[in-house]
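Heads up, the next two complexes both have chain A, just with different partners, chain B and then chain C.
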Partner chain A sequence: MLNFLSKRVLISIVAVAAVLFPLVFPNMYVLQLLTLVFIWSIAVYGFNIISGYVGYLSLAHAGFFAIGAYGLGLLTTKGGLSYWLSLLLAVIITSIAGALVGVIALRTKSHFFAIYTMCVGVIVYLLIDKWDSLTGGVRGLIGIPAPGNLGPITFDTLTSQYYLALFFLSFTIFLCYRIVHSLLGRTFIAIRNSEELAKTIGISIMKNQLLAFTLSALFAGLSGALYASFIRFIGPQISAITVTFEMLMYLLVGGIGTLAGPIVGTLIVISLTQSLQFLEEYRMLIFGPVVVLLVLYYPRGITGSINGYLQKKKQQRVKVANEEHDEKRKVGEAG
Partner chain B sequence: MFFSTEGITKRFGGLAAVEDVSVSVEKGTITAIIGPNGAGKSTFFNLISGIHPLSSGKILFKDHDITRMPPQQIARLGIGRTFQTTNLFEQSTVLDNVLIGHRLRTKSGIWDAIFRTKREKEEEKRSYQKALEALEFVEMMHVIEHPVSLISQEEKKRLAFALALATDPEMVLLDEPAAGVNPDETDGLAYLMRKMADHGITVCLIEHKMPMIMSLADQIVVLNHGKKIAEGRPEEIRQNEAVIQAYLGGEAHAPVKQY
Partner chain C sequence: MELLFQQIFNGLTIGSVYTLVALGLTLVFGILHVPNFAHGAFYMVGAYITLMMMVGFGFHYWIAILASVAVVALLGVVTQQLIFKKLEGADGMRMMVAAIGILLFLEAFGQFMWGTEYYRMDTPYGSVVNLFGLTVTLQRLLIIVAAVILMLALHFFLTKTMIGAAIVAMAQNREGAFLVGINANQVAWLTFAIAGGLAAAAASLASPINLVFPTMGNLVIMKAFVIIIIGGMGSIPGAILGGYLLGLTESIGATYISSDYKDVIAFLLLVVILTAKPTGLFTKGVQ
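What follows is the complex of A and B.
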């Protein structure tokens, strides 16, 4: 009970801090960085659904991110549609692309799935890079508009964009929370646990995996679309395989298969890369080994390790309680 | 007939793991499938539960032809199973493990999850009740909050029973339910299987522990090299020539070679 309460308090503190941050600490550089962290986190939450909860490592994630980004970019600049309609359409397009890829990709298992989805990612990259007339090729897409006005609310300042990203991130976390704590979420975890067992207790593997894969693409698309309208310039490199691996790193550091993992990992890794910026190219010399050590000694990431520690403490309490119970029973029997 | 297989065969490449096996089982009975290692017992279970497709033959359950059905549909029709290696989620609690067992009888999807609909809440409640019933049945109520990594091997076996029971099965396939537990605990598990049968759940098990089989089973089916070599009541099997041969090796009346 105490645990539950302290969790609530912690979440409230973080939420209030996130809301008050721009007012207390109006540093443009930090705000810009945090907005990016929020946007990337949305994609990592999507990544977490398929790779963390269902247990299928999808390496097409940057591809879906790029489909969302280019979807929004093209619909607004070349299609002339309004920002919010484009955002909605970009997310829908990415979800449909996810479902179509999923239908084929999910017929493969484990590392074959990873390789297949990696190929999909590369194909998306090549499409964007080579389809010059549509995407602008290597020159990229410029002049993407910032989020349009919503009634009296405008998004022309950095602070307002910060709140917009924060809103979408909170929405994403809320959806993930609801999904993970539902029968559906339990179903996903059962598939990760053992596909064979899940099958024999009557779970449709394909249907659930496809749903998870589509959801993961949806969040990647949303994140990509927000990214495009925040940076306002996109190039083919956002769909590069290295971007997928960066997201995977955020997820691994934060804790794969945990609810707080994506935001914790993204925040830590991005701020760390930024603070090591002064080392220029050499920063990877420090950063690489740090990540390797972390993955070696804390395979469940930061959040996973904290959860594990709390669980261990709980187990000890249960054990002690049991022993006391046994003692009392023995005493009772003896008496 | 409640459940029957008609000449089912499974070939892996050129090798027939199960060949022309016909078995029929009556409701509420206990059928034991025995045979030396590699006799095709687990494959036989995998064919029934739909994990492997058949090469030929037919499987009937409650007048349904389940030969080509996918595993989840077979489970929904009422065939539950456990695995040889206890396949459980080590990090979660005992209760959480069993909760998912009732998922096949629930319908809540993504919208129910997001909006936490009435259906989601009701089905969650029902899954809890079902899980508690199943845990009560296997007498594990005292450890429901324990993580699986903390419970004993025998409790894991019971938990696997509970998970199968939470699916509301009419027949359960138990793959070596008493492997790796001591004789006292074996008796406890045998008692549980008898209890299931008494509750109208048909039990099929693969087992190597002969004393348990002999006192527990209503019917024994003996497989060797993928073929059924004998079938009958325990006392019949005990005296069956072919069975003795398969287990002790060689022929019972092998001609003595002269050198």
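What follows is the complex of A and C.
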């Protein structure tokens, strides 16, 4: 009970801190950084659903991110649609693309799935890079509008964009929380632990995997669309396989298959890279070995390891309490 | 018609390079049972070491290649002993992620050591010869011949020597190999050494007709994945067949369809194959 309460308190403190942050600490640089962290986290949450909970390493994630980003960029600049309609359409398009890829990709297993999705990612990259007349090729897409007005609310300041990203991130986390703590989440985990066993107890593997894959694409698309309207410029580089690897790293550092993992990992890795500016180009000299060490010694990442530690402590407490109880009973019986 | 023959020749050249890379990858797959994403980084390091030996130390092309093969083979052994050995029995996802970590590190290392510039590698075989009416550079001819020699050497090593047979046995049936007393650790590091050496040789041979840069391995490794899926994971004849098939398709496709989209061909081919047959072509039984 205490644990549950303290978890609630912790979440509330973090939420209040995130909301009050721009008022207390109006530093433009930090706000910009945090907004980016929030946007990337949304994509990493999507990654976590398919790779963390269902256990399928999807290497097309940057491709879906780019479909969302280019969807929004093209619909607003070339399609002339309003921002919010474009955002909605971009997310829908990415989800449909995810579902279509998923139907075929999910017929393959483990490493075939990883390679298949990697190839899908490369095809997306090559299409964006080569389809000059539509995407602008290597020159990229410029002049993407910032989020449009929503009634009396405008999004022309950095602070308002911070709140917008925070809103979508909270929405994402809430949705993930509900999924993980529902029958659906348990189903995903059951599939990850053993497909055969899950099948035996009557779980439709394909249906659930497809749902997870589509959801992961949806969040990637949302994140990409928000990214496009925040940075206002996108190039084919955002769909490169290295971006997928980067997201994988955020997830791994934070803790794969945990609820807090994506935001914790993204926050830590992006702020570390930013504070080690001189390393910008060579950051992988440090993070590459970090990824390997994590896989070797802490496969559950920061959040997973902390959870494991707390669990162990709790078990110890219960054990001690039980022993004390037994002892008292013995003493009582003897007396 | 001459254009077609020219393209077939070019296809054989590229195919030779793909095949050498895919052979290493398919051998390592037999040991790890997951694709080694870091293999492309081995390829890149191999090219840089040859270049460094030639430019920095003034070695002859062949000596530089030998040095490069030795260094990358050692690199393969080190990654196997330090990382993959410790992950034995872990699930596939962890191995794949570890391989990605190695790839990220080596790529950054290449950038850190040698910068992001594109380098040209000089070859003593730059002259043009006339072959059955085709004008070809000697280097391209050399690539084809060297690849065939390496493949034959590998074939004889795997079929005629005890240790080679042990590698094949491990790939075919792990438990069975343990039962007959095969030293798993020795087989594993040796396989990584061979795979690394092949990658370095392929890169050193291909560099004079391409360029040397930090991300040069990316596209090659992804195509090697396509090849081993086409040819069946772990299958050596499959990797050779797939490598030449892809080289020819690309080279002819670039001429007759579109040179802009020639890189897409490989990946579309794979998507089509896996769509029709999710376990890959030539796969026996259930994966």
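In the analysis below, the second predicted complex is superposed on the first by the 304 of 335 C-alpha atoms of A that agree within 3 Å, B and C clash if a C-alpha of one lies under 4 Å from a C-alpha of the other, contacts with A are read in each partner's own complex, and residues count from 1 in each chain.
The rule is simple: a residue touches a chain if its C-beta (ideal position, glycine included) is under 8 Å from a C-beta of that chain, and two chains touch if they have at least 3 such contacts.
Worth saying up front: this structure is predicted, and the values here are computed from it rather than measured.
Enquirer: Taking the superposition as given, does A:Glu281 touch the first partner, chain B, the second, chain C, both, or neither?
Expert: Touch status of A:Glu281: second partner only.
Enquirer: So in the superposed three-chain picture, is A:Lys78 touching just chain B, just chain C, both, or none of them (first/second/both/neither)?
Expert: neither
Enquirer: If we overlay the two complexes on their shared chain A, which of chain B and chain C does A:Ser194 touch? Say first, second, both or neither.
Expert: The answer is first: A:Ser194 touches chain B but not chain C.
Enquirer: Using the touch definition from the top, say if A:Leu211 reaches chain B (first), chain C (second), both or neither.
Expert: first
Enquirer: Have a look at where A:Val318 lands relative to chain B and chain C in the superposition and call it first, second, both or neither.
Expert: So A:Val318 only meets chain B here.
Enquirer: Regarding the shared-chain residue A:Leu175, is it in contact with chain B (first), chain C (second), both, or neither?
Expert: first
Enquirer: Check the residue A:Ile203 against both partner chains and state whether it touches chain B (first), chain C (second), both, or neither.
Expert: first
Enquirer: Name the contact category of A:Leu184: first (chain B only), second (chain C only), both, or neither.
Expert: Once the two structures are laid over each other on A, A:Leu184 reaches chain B alone.
Enquirer: Looking at A:Arg139, would you say it contacts chain B, chain C, both, or neither? Reply first, second, both or neither.
Expert: neither
Enquirer: Using the touch criterion from the header, give the chain among chain B and chain C with more contacted residues in chain A.
Expert: C
Enquirer: Name, in rising order, each residue of chain B that touches chain A in their complex.
Expert: 49-51, 70-73, 75-76, 80-81, 83, 87-89, 91-92, 96, 99-101, 103-104, 106, 108-110, 112-114, 116, 120, 123-124, 127, 145-147, 150, 163-164, 166-167
Enquirer: With touch defined as at the start, can you tell me which chain A residues reach chain C in the complex?
Expert: Result: residues 51, 55, 57, 104-105, 107-112, 114-116, 118-120, 122-123, 126-127, 130, 241-242, 245, 248-249, 252, 281-285, 287-292, 295-296, 299 of chain A touch chain C.
Enquirer: Can you check the complex and tell me which residues of chain A touch chain B?
Expert: Per the touch definition, chain A meets chain B at residues 175, 178-179, 182-187, 189-190, 193-194, 196-197, 199-205, 211, 215, 311, 315, 318-319.
Enquirer: Tell me, which parts of chain C touch chain A in their complex?
Expert: 33-35, 83, 86-87, 90-94, 96-98, 100-109, 111-112, 218, 222, 225-226, 229, 233, 260-261, 263-264, 267-268, 270-271, 274-275, 278-280, 287
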